[in-house]
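Two complexes follow with chain A in common, the first pairing it with chain B and the second with chain C.
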Partner chain A sequence: MLELKDIKLSYGSAQILNGVNLSVKRGDVVSIIGPSGTGKTTLLKCINYLARPASGTIAFDQIRMDYQRADKAAVQAIRLRTAMVFQQFNVFKNMTVIQNVMDPLVVVQRKSREEAHAIALQELERVGLSDKREHYPSQLSGGQLQRTGIARALAVRPDVILFDEPTSSLDPELVGEVLKVIKDVTSSGITSLLVTHEMQFAKNISNRIVFMDRGVVAADGSPTEIFDTPSSPRLAQFLSSELAFQ
Partner chain B sequence: MDLSTMIPELFSALPLTLVITFTAMSVGFCLALIATTLRVRRVPVISQFVDLYVSYARSVPVVLQLFVAFYGLPLLVILFGFQDFITATMAAMVGLSLYHGGYLSEVMRPAYLAVERGQHDAADSLGYSFRQKMFRIVGPQAIHIGLPGYGNSIIYLIHNVALVMYIGAADVMATAHLIMERDYNQFQFETYLVLAVIYSLMCLIAWLIIRFFELRFAVHLSKEATSIPLKTAAFASV
Partner chain C sequence: MFETDVLLQDLREILGAVPVTLAMALAIFVFSTIIGSLFAFIEYRRVPVLRELVIAYKVAFKGVPMVIVIFLAYFGLPPALQFLLSLVGIDFNAHLTPNWVILVIAITGCIAAFQSEIIKGALNSFDTGQADAAHSLGYTSSQLFRRVMFPQVVVAAIPDLTTSMMVIMKALSLGFAIEVVEIFAQSQLTAALNFYYLEAFVIAVVIYMVIAYIVTQIADRTERALRIRS
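Right after this comes the complex of A and B.
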């Protein structure tokens, strides 16, 4: 349903993405792993055009776009069908938890307040934040902020949900509550892309693992293929350093 | 003459001072909004002109800006083929609007830029249009950040309105001088004292209004802002 071809992107003179190819099928849970600074976040952001590749193409079901001729309508169509969960949460600071979840529904999707409210309550229930719904972000813990971000992403009923290291800004004791929610979300069948450094978690929830290295996809396979029989020395080295770190 | 005639005479000039202030406040606000938009979006050439304008407004002494307006506007008007209809009051309004607009854009721009990149990213990723993002997310947060600076800019504006007497606009300051000259410079101290009270009151009122908005926008954005009672804060900072 989602296919990225030959994505190239550089910031100034630094080439970050060097011809990335990635295709995702409906229902896939794909974890993207790789060393720091290889462009994992950037790749996710190319999908919803928060990052602007110099070249490459994207096909999202019927929507097709060449990044050299990016057009507003296609970008908007993709944005309406995807949702992103950010490393830094990026919960709207001027809104309560429930307003955060409702606002895109009312403002972007033009749903009635009643309908938006009902959906928001349902999603907040799902991430376990019903009792915090009237709180402002400044009154919440990191884990609660991230669960708000996840509820906001789920509420727009995206076809694909993009998680960018959703737990790496969290205190260790808060990681568990967020991983639990993500596991619940991914097992509900929604197509997910997850950038993560939580190797064990990636192995458990994914049906595919993509290893990115130096701006390209260096390995791509099932969790067992990637973790148990790493195909390259760099992947093996990366895995052992990550596992040693954990 | 005594105080009982001097005070009403001074107050008779207050409306003009207020009209000049409010005109400069509102026109300046619009100018600042436009200038900020153009500077943030970096439109080639136009943005450079706007930068130039802002640095003029911020670096040239306000008295001088008033003289430039007073002597420059008639030339401009004649250049466009009209009779010179520019009065001192008009020149004062134009001069102060330009000053305030430039100054204020240097409050607005940093406030806008201080809103985290991530807030933009989140709104964009969810399909908000630029307008929706500005009105619902970035704007309110920028207002919260910019309000204290806005308060200062209003206070400076009020102070600078006192300078319009140099180009002959009949504000409270000019009127005070007229009264003193006419009455052979009796009661100079008293007259200036009354003026000082008038200016303090104007600033206090302006500050209270802005403080009110600060508190309204602060409720959720930072915890400590709400805990300072209005009254104590008012005395501490005026």
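Right after this comes the complex of A and C.
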């Protein structure tokens, strides 16, 4: 359903993505792992054009775009069918929890307030935040903020959900509650891409693992293939350092 | 030494200048904030050419003493206006422009440079992560601005914008130089008739302080009410 081909992107003289290919099938849960600075987050952001590749193509079902001739309509069409969960949560600080979840439904999808409210309640229930719905972001913990971000992403009913290091800026004791929600989301069958440093978690929830290194996809396979029989010394080294750390 | 008998009469006379002073201050505040916002947006969005012009404008109007700007406007604005209008064939005697209008224009021009800095700072304080989130959900730039950015930027700018209001109030006393009668000029005139200068200026100080207190209170309350929400 989603296919990225030969994605190249650089910031100034630093080449971040060096010809990345990635294809995702409907229902896939793909975890993207790899050392810091290898372009995992950037790759994810290329999908919804928050990062702008210099070249490459994307095919998202019927939507096709060449990044060298990016057009607004295609970008918007992709954005309307994806949703992103951010490392820094990025909830709207001027809105309550429930307003955060409702707002895209009312503003972008033009749903009635009643309908948006009903959907928002349902999603907040799902992430366990019903009782905090009238709170403002300044009154919430990191874990609650991230769960708000997840509810907001789910509420737009995306075909693909993009998790960008969703637990990396959380206090250790709050990681669990967020991982639990993500596990629940990914097991519901929604196509998911997850950039993460939680190796054990990635292994448990994914049906595919993509290992990125130095701006390219260096290994791609099932969790068993990647974790138990690493195909390259770089991958083996990365895994042992990550797992030792955890 | 200090004549308390004249205080009440002085107060009555000087209070008479308060409405016009407040009206001018409010007009300058509104105009300079609008122009300042425009400038801030040009800088924030990095609009080529216009951005350089805004920077040049700010250097000029922040650097030149306000009283000089007021005199330049007083002597330069009417002939300039008349000349421009004559170019498009309108015969208008711009020398009849009331002095208070010139004062409002001159101070607006100066304060706009400061307002633009305040608003630019508030815009820069907005974290771009929220913009990313909005775009990822399909918000257009104007929806992002309306729903997310504007409500937060306003709250961030309120304290400094209030300070500007007080700067404007004080700058208006320079209107004395071109015969605009506001609070300070009225105290001067009142004192000139009865020779009780100290008394008149004490009254003026009290009035300025009361206004400052009220403006600060209004701003604090507005900010508190809005900040709870962000």
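Rule of thumb we're sticking to: the second predicted complex is superposed on the first by the 246 of 246 C-alpha atoms of A that agree within 3 Å, B and C clash if a C-alpha of one lies under 4 Å from a C-alpha of the other, contacts with A are read in each partner's own complex, and residues count from 1 in each chain.
What we mean here is this: a residue touches a chain if its C-beta (ideal position, glycine included) is under 8 Å from a C-beta of that chain, and two chains touch if they have at least 3 such contacts.
Not measured: the values here are computed from a predicted model.
When the two complexes are overlaid on chain A, chain B and chain C occupy overlapping space and clash. Of the two partner chains, both chain B and chain C are touched by A:50. In the superposition on chain A, no contact is made by A:167 with either chain B or chain C.
Judged by the touch definition given at the top, the superposed model places A:108 against both chain B and chain C.
Legend: residue contacts after superposition of the two complexes on their common chain; A:41 is shown touching neither chain B nor chain C. Residue contacts after overlaying the shared chain place A:146 against neither chain B nor chain C. Looking at the shared chain after the overlay, A:90 reaches both chain B and chain C.
Of the two partner chains, neither chain B nor chain C is touched by A:196.
Residues 45, 48, 50, 76, 79-80, 82-84, 86, 88-95, 103-104, 107-108, 136, 138, 149, 152, 156 of chain A lie in contact with chain B in one complex and with chain C in the other. Every residue of chain A that touches chain C in the complex is listed here, in rising order: 45, 48, 50, 76, 79-80, 82-84, 86, 88-95, 103-104, 107-108, 136, 138, 149, 152, 156, 162. The residues of chain C lying in touch with chain A in their complex are 127, 129-130, 132-139, 143, 147-148, 151-152, 155, 228-230. Those residues of chain A that touch chain B in the complex are listed here as 45, 48-50, 76, 79-80, 82-84, 86, 88-96, 103-104, 107-108, 136-139, 149, 152, 156. For chain B in complex with chain A, the residues that touch the partner chain are 116, 118-119, 121-128, 132, 136-137, 140-141, 144, 219-223.
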